[in-house]
């Protein structure tokens, strides 16, 4: 059941995404009584020039 | 009024997106009393390596 | 695979949501080569006071 | 940096949300080289009547 | 064209939402060459117990 | 605290994104009692062929 969306800057490797998907799914199964099959994780790589904090694009910092 | 977001793997053709946008808009107009002009559909192509189910990236399956 | 998010004003009945979920899923199965089981539809009821167009809350119009 | 959105059915307790937020944040810090402070987790409780799979509202199953 | 989603804690008044919708729409019209009519703003009030930073629910801080 | 997502067609320049991020953050600080540091803005460039209104892809209009 849970659908998990992750927005982060590019730079995470394929292996890191594998590990994150595994760790997050395990957390939901263990803590929230879901099944692995029902747990969907979707990554979104957001370029730093599309991300701002304090009014400044992260590509500037 | 309705805003519809669609996340799916790449591979749908331009013609398929045209058909989907038309079919979904028609469904909202017919079932939910909206106007076509007020119905917005946004597609997001999510690479398989950014999608996981059961803790495994879809690019691995 | 597809995850579909629908944002709309409250007021759609339970029966209308049933019909919408069915019609949208059918469209994806027919047009986009997905299976019904892999098609997830999530509705979000957005109060008119949380929706604005042209800079005016929809509750004002 | 990462912003994580979680959509799930209601029913998770306050304590479960605490554990999930902690576990997910820990996973990002350990695997993805982020800081805890930069990791935001947002839960969204989606009623079963607003969630459909295979064209059927989850409140029907 | 732009669709703007805003997630924030509850507590913003109706008047504040009116002002925010107006100010954001004006910014898009002035800076991004859009029309007011094409600019949609959607607010989402996220309870503090559904928001976490640094692994801690905001309702705890 | 606020997280703001902006979906729009490509074509906005880097300078326009800088201005938008600044203007939106300023609006939240002034109107909604947030701090600049707590205000995150995320842009998403949606190709016209992934955007439909009235059932027609925007790339067709």
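Order of writing sets the chain letters: A, B, C, D, E and F. Residues in each chain are counted from 1.
What we mean here is this: contacts are C-beta pairs under 8 Å (C-beta built on N, C-alpha and C of every residue); 3 or more make two chains touch, one makes a residue touch a chain.
None of these values were measured; they are calculated from a predicted model.
Chains touching both subunit C and subunit D: A, E. Fitting subunit A to subunit D on CA positions gives a rotation angle of 180°, reported to the nearest 5. At the interface between subunit D and subunit E, two copies of one sequence, fewer than half of the residue numbers in use are shared by both copies. Which listed pair repeats C-D comes down to matching contact pairs by residue number; over half match for D-E among E-F, D-E or A-C.
Computed from the mean C-alpha positions, the centre of subunit B lies at a distance of 20 Å from the centre of subunit F. Computed centre separation for the pair subunit B/subunit E is 24 angstrom, with centres defined by C-alpha atoms. Residue positions of subunit C touching 2 or more other chains, listed in rising order: 3, 7, 24, 40, 42, 51.
Pairwise chain contacts present here: A-B, A-C, A-D, A-F, B-C, B-E, B-F, C-D, C-E, D-E, D-F, E-F [touch as defined].
Across the complex, subunit B is touched by residues 7, 46, 49-57, 60 of subunit F.
Across the complex, subunit A is touched by residues 3, 40, 42 of subunit C. For subunit A in complex with subunit B, the residues that touch the partner chain are 14, 17-18, 21-22, 24-26, 36-37, 39-45. Across the complex, subunit E meets subunit F through its residues 1-9, 12, 16, 19-20, 23-24, 27-28, 30-32, 34, 51, 58.
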